[in-house]
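In order of appearance the chains are A, B, C and D, and numbering begins at 1 in each one.
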Amino acid sequence: MLYFMNDYSEGAHEKVLNALIKTNMEQHVGYGVDDITNEAIALLKKRINKPDADVHFLITGTQTNTIAIAHFLRPYEAVIATDHGHISVHETGAIEATGHKIIEMESKDGVLTTEMIDAAILKHADEHWVLPKMVYISNATETGTIYTKSMLEDIRKACDKYGLYLYLDGARLANALTCADNDMTIEDVASLTDAFTIGGTKNGILFGEALVITNNRLKEHMRFSIKQRGALLAKGRLLGVQFRALFEEDLYFEIAKHTNEMATILKNGILDLGYELVTNPSTNLIFTILPNGVHDRLSKHCYYEAEHPYDENNMEARFVTSWATPKEDVLELLRLLKEFKAN
Amino acid sequence: MLYFMNDYSEGAHEKVLNALIKTNMEQHVGYGVDDITNEAIALLKKRINKPDADVHFLITGTQTNTIAIAHFLRPYEAVIATDHGHISVHETGAIEATGHKIIEMESKDGVLTTEMIDAAILKHADEHWVLPKMVYISNATETGTIYTKSMLEDIRKACDKYGLYLYLDGARLANALTCADNDMTIEDVASLTDAFTIGGTKNGILFGEALVITNNRLKEHMRFSIKQRGALLAKGRLLGVQFRALFEEDLYFEIAKHTNEMATILKNGILDLGYELVTNPSTNLIFTILPNGVHDRLSKHCYYEAEHPYDENNMEARFVTSWATPKEDVLELLRLLKEFKAN
Amino acid sequence: MLYFMNDYSEGAHEKVLNALIKTNMEQHVGYGVDDITNEAIALLKKRINKPDADVHFLITGTQTNTIAIAHFLRPYEAVIATDHGHISVHETGAIEATGHKIIEMESKDGVLTTEMIDAAILKHADEHWVLPKMVYISNATETGTIYTKSMLEDIRKACDKYGLYLYLDGARLANALTCADNDMTIEDVASLTDAFTIGGTKNGILFGEALVITNNRLKEHMRFSIKQRGALLAKGRLLGVQFRALFEEDLYFEIAKHTNEMATILKNGILDLGYELVTNPSTNLIFTILPNGVHDRLSKHCYYEAEHPYDENNMEARFVTSWATPKEDVLELLRLLKEFKAN
Amino acid sequence: MLYFMNDYSEGAHEKVLNALIKTNMEQHVGYGVDDITNEAIALLKKRINKPDADVHFLITGTQTNTIAIAHFLRPYEAVIATDHGHISVHETGAIEATGHKIIEMESKDGVLTTEMIDAAILKHADEHWVLPKMVYISNATETGTIYTKSMLEDIRKACDKYGLYLYLDGARLANALTCADNDMTIEDVASLTDAFTIGGTKNGILFGEALVITNNRLKEHMRFSIKQRGALLAKGRLLGVQFRALFEEDLYFEIAKHTNEMATILKNGILDLGYELVTNPSTNLIFTILPNGVHDRLSKHCYYEAEHPYDENNMEARFVTSWATPKEDVLELLRLLKEFKAN
């Protein structure tokens, strides 16, 4: 079976795994205050050019978003996000479970615009409404699209105008920053946001998200929130080891480049074969319209997500490439798509 | 100045006030387990024809919604409501503050349809999403419209199909059930919902909402939730006295009839004068499009809400009648609307 | 039957009731931004000599404590209180329900000492513990004892030393400040705390607690929290009317003086009769050890709390005087206590 | 440097690490519904002899306790625990952060007795108090002591009497069940509790706690809670791989036996040298009273926790053995303790 299900189907990239093996019997203090973690933090701060940032390594994406938002906001403050936002739909109400409303703005392609921010602010007049205080965006978005630098700058301006924090969910940040349509650096991201995350789980490590906080007002006592929400890993050095491996030689971006290359071959191949895409992704999520007959046959040879019918005659299929996707698998998938389309 | 600001601008209806005065020096046990409260509960249960219902008297509407919903739901369960729902927009995120997401469905006139319920259910596939478990509707709605009996029956069926509780916010229930377009009784409401509220604050008493629970699964330990959320009034008999006054001679519905009559005169008068309405209300909230020139002059003679511009040339004004609105005030308002329109 | 059950058995003091009657048909804007409420706030700020304080009128004591504490603290911050504290035991976990731990320190008489604060701080070493950030005390305490000015000054110093907010629950503040053992003024209380409450419910009004915030850091956006927690009364002027009545001629303190006088007569009489007290109260809560035989007979003539056996042969009875307690009732109670003791 | 700091200083036991390496490039579905996880669950259910139990693999101990307790309880329900309980003191108020009060009962050695349960129940009279609904115990306890079978049976009876759930935190369950003083099996634990955890992090794996639920009433929709609290690991198979390794050949108990053997040698050696212990542990936490002079010298050769002074002249030191502790390190530590004591 081919496997285009997601970008977290395998374990860790070889270099990351080797780093874990190599350090396995070292003795370190617990809870992420060990030397390796400190090294990883230093590497990361250097790479984003923010020597004063606070960096915390957390375990899962939902956990990271939850802890950050719950830590940053007062009880009556709310987050503006799109209705595709991971926090809006795919985290089982984790943000609301900490007491905060998400103001969900309708978006076709998962991108948040400044018009949406304006509209959300306008509507929330007084103390009978929640107080909008944060903008949440994902880059890459949940539909595979990305923000350009000017888009991010505009959002930053809107946030400054209204006194909002800007938080960027970077679960697939590496993919965004290494794709062909991108014009931003990770330093730009660090400069334009108040806090952002650097996703590891979907980019070649066993697990791990780095939470980077650049706004001084948001930093204090974060470790209390991390512990309280169950995210302080006893063997915290596991996160340090993995992020050190990602950032000591820019492996973080190399991995994503491969992922994107595989996605580009796949996307172009799919379009060449005459299939339609649901969105026009820049990164590694290819939402494709598959005739039911093709889906019936393909699903016997390949794993991929196809939860929702697109219409009566078609399925919406999601193909995802990853750091572990071999080129031959992409080509074989295209071959199958060609074969099944012809019949 | 005329006063069409809202239906809670004055204190209490004369009969309610007199009941408070008369019982003032009586000595009663605290926290709502006194004899008067018990009498009021008995009257109310008889009136709704639900001898086995649990009835609790609470203080404010937001408090009542919050306590009920937080008591009924498990942490990962969510409420389906319209984007006009009082809990969606006008309670400062009170529901989310207890940990529950509101799934907001777009609605033009504040009415929730079974199609919206279907759509919400379809979307929430698995444990990565919140679990829809309750439908919240308001009758009358926040725009002054109402549910007919068949509409409520359909929603009940949809709830049964999907295993959802049906909760009806009756902050203005009296208005809904006494208006010309209504075909339901309060017994119908009690039979078709799992829990509902009978609003007092907007219908002639100082403060108070009755929470009625007919579904046995939702009843247990409610007084713990009431106390925990700060809603157990020490002098609980104040609520008993007021609701006894409302229900010992059907004053509850008489009051609303007057309110609706005043609203009907006003609405018809406004339409006769050639003004347009934003919605077509059945009850006492008349959202009217006022040319800016009219608004400028009228607002010097009358209090009413006019927060949002309707467009460049018009304001959206909300006129509300109440138990305390004299007919002459309605006529005077119409006279002013006529005069200012002519110029 | 005599009635020494509590200090909230009747409605409102005559002057308060008359104020409500007099203003009943006035039209005011809702939610506590009306002129009467503003007058009441001005009177109160003048009386406590804190022109810059923020004052909010809330409805119940549990509600007030919950809203204040949830508004003041960050998610990982905790409150230090005695194990008698109203928030510790008698609010159904309301504070924990907002996410905050109460660090309960054992206290014989309900009074918190600086040694307890020291001990609590010492124990909470790092981010594996909650962060103590507030001290909660009640004056009068839940056992009827009070704080002297030097005790409060010492607690203030301890709070300053450790960076803690000092919050004083004044549900029975009037009783504390008018009793024979008191040496503080309400201005002292306002100067030595960061926030405190002025209880009305137990001192002659229908309902109402004033929350006074003097620390600027704690003020912002409080109305959002009040609304979110369901405490923004539509007819907010009801609170304004009552507090204006309490503070326009110092009725607040006059009422409490009477309560305390009745308590003093009762306490001295009880001691003269040879009964023992459980604590040595300064105010209106008289915890008395009643032989079972006396309790059996007395409870047929008088209502009072007697929930817990003191030992095999005795009950712990709580007699409470109030603004509405006539002297003849106190004397009659003493007569019965004498009569039943003799037999 | 010697290392007796804790039992999570190294990575994973060789067999566990090898299992991770071997499965690294396998492709599996995410979020813990993969085949390996299912195998691990089957092995575990067989080992505890509970074919109908629900088993979930979670990441950290605080996370597991939080999710379980928040899932099991209604908002007003509380947990009874000792004042040494991990949830009481060492989880930054995580339980309170989900809204639930912990009723902390004073305990000398971390063991909860039925008398404490009786006392807690007696005190919580009505809806003004939280409702006790769960008993939380740890085995081994936080001081290294354990429960015998008859102690656990008595607690079970008390729980049945009062309608309480019994939850056992097994962060160090392996140590408890393999120590010399133990007379219980893991089947006993599964039969006598409603839910319990099987700790992996402190017993040789990288991370992971198994939550076992045997009470049917507590099972429903647990995966929603797990996802909502950020604990659903994308590469969930990592937990499956590790727990499969622990339970396919009883490695889980072999590891703990070694840990306990090392602890026994250390404990006996310490006592032989004439040092005093703070408690009398059965497992691998040896709280020892070290004269300040000894501590000053020893801490240059060995890592161990010594946060609190025992008295003016002594430190309280905690020595912890683990699966990775070589016997020679224990002997060297004893040699140093002997040498420094002599001088």
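Following the convention adopted for this analysis, contacts are C-beta pairs under 8 Å (C-beta built on N, C-alpha and C of every residue); 3 or more make two chains touch, one makes a residue touch a chain.
Note that the structure is a prediction, hence the values are computed from the model and not measured.
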item: Fewest touching-chain hops separating chain B from chain D; value: 1
item: Of A-D and A-C, whichever chain pair has more C-beta contact pairs; value: A-D
item: Centre-of-Cα separation between chain D and chain C, whole angstrom; value: 42
item: Whole-Å gap between the CA centroids of chain A and chain D; value: 34
item: Rounded Å distance between chain A and chain C, as computed from the means of their C-alpha atoms; value: 51
item: Sequence positions of chain A contacting 2 or more other chains; value: 75-76, 91-93, 97-99, 127-128, 130, 224, 227-228, 232
item: Chain A partner contacts - residues on chain D that touch it in the complex; value: 3, 5-6, 8-12, 17, 20-21, 23-30, 59-64, 66-67, 91-94, 97, 201-202, 206-207, 224, 227-235, 238, 303, 324
item: Contact set on chain C toward chain A in their complex; value: 70-71, 74-76, 98-99, 127-128, 130-131, 221, 223-228, 232
item: Touch list for chain A against partner chain B, complex; value: 75-76, 78, 89-93, 96-102, 104, 125, 127-130, 307
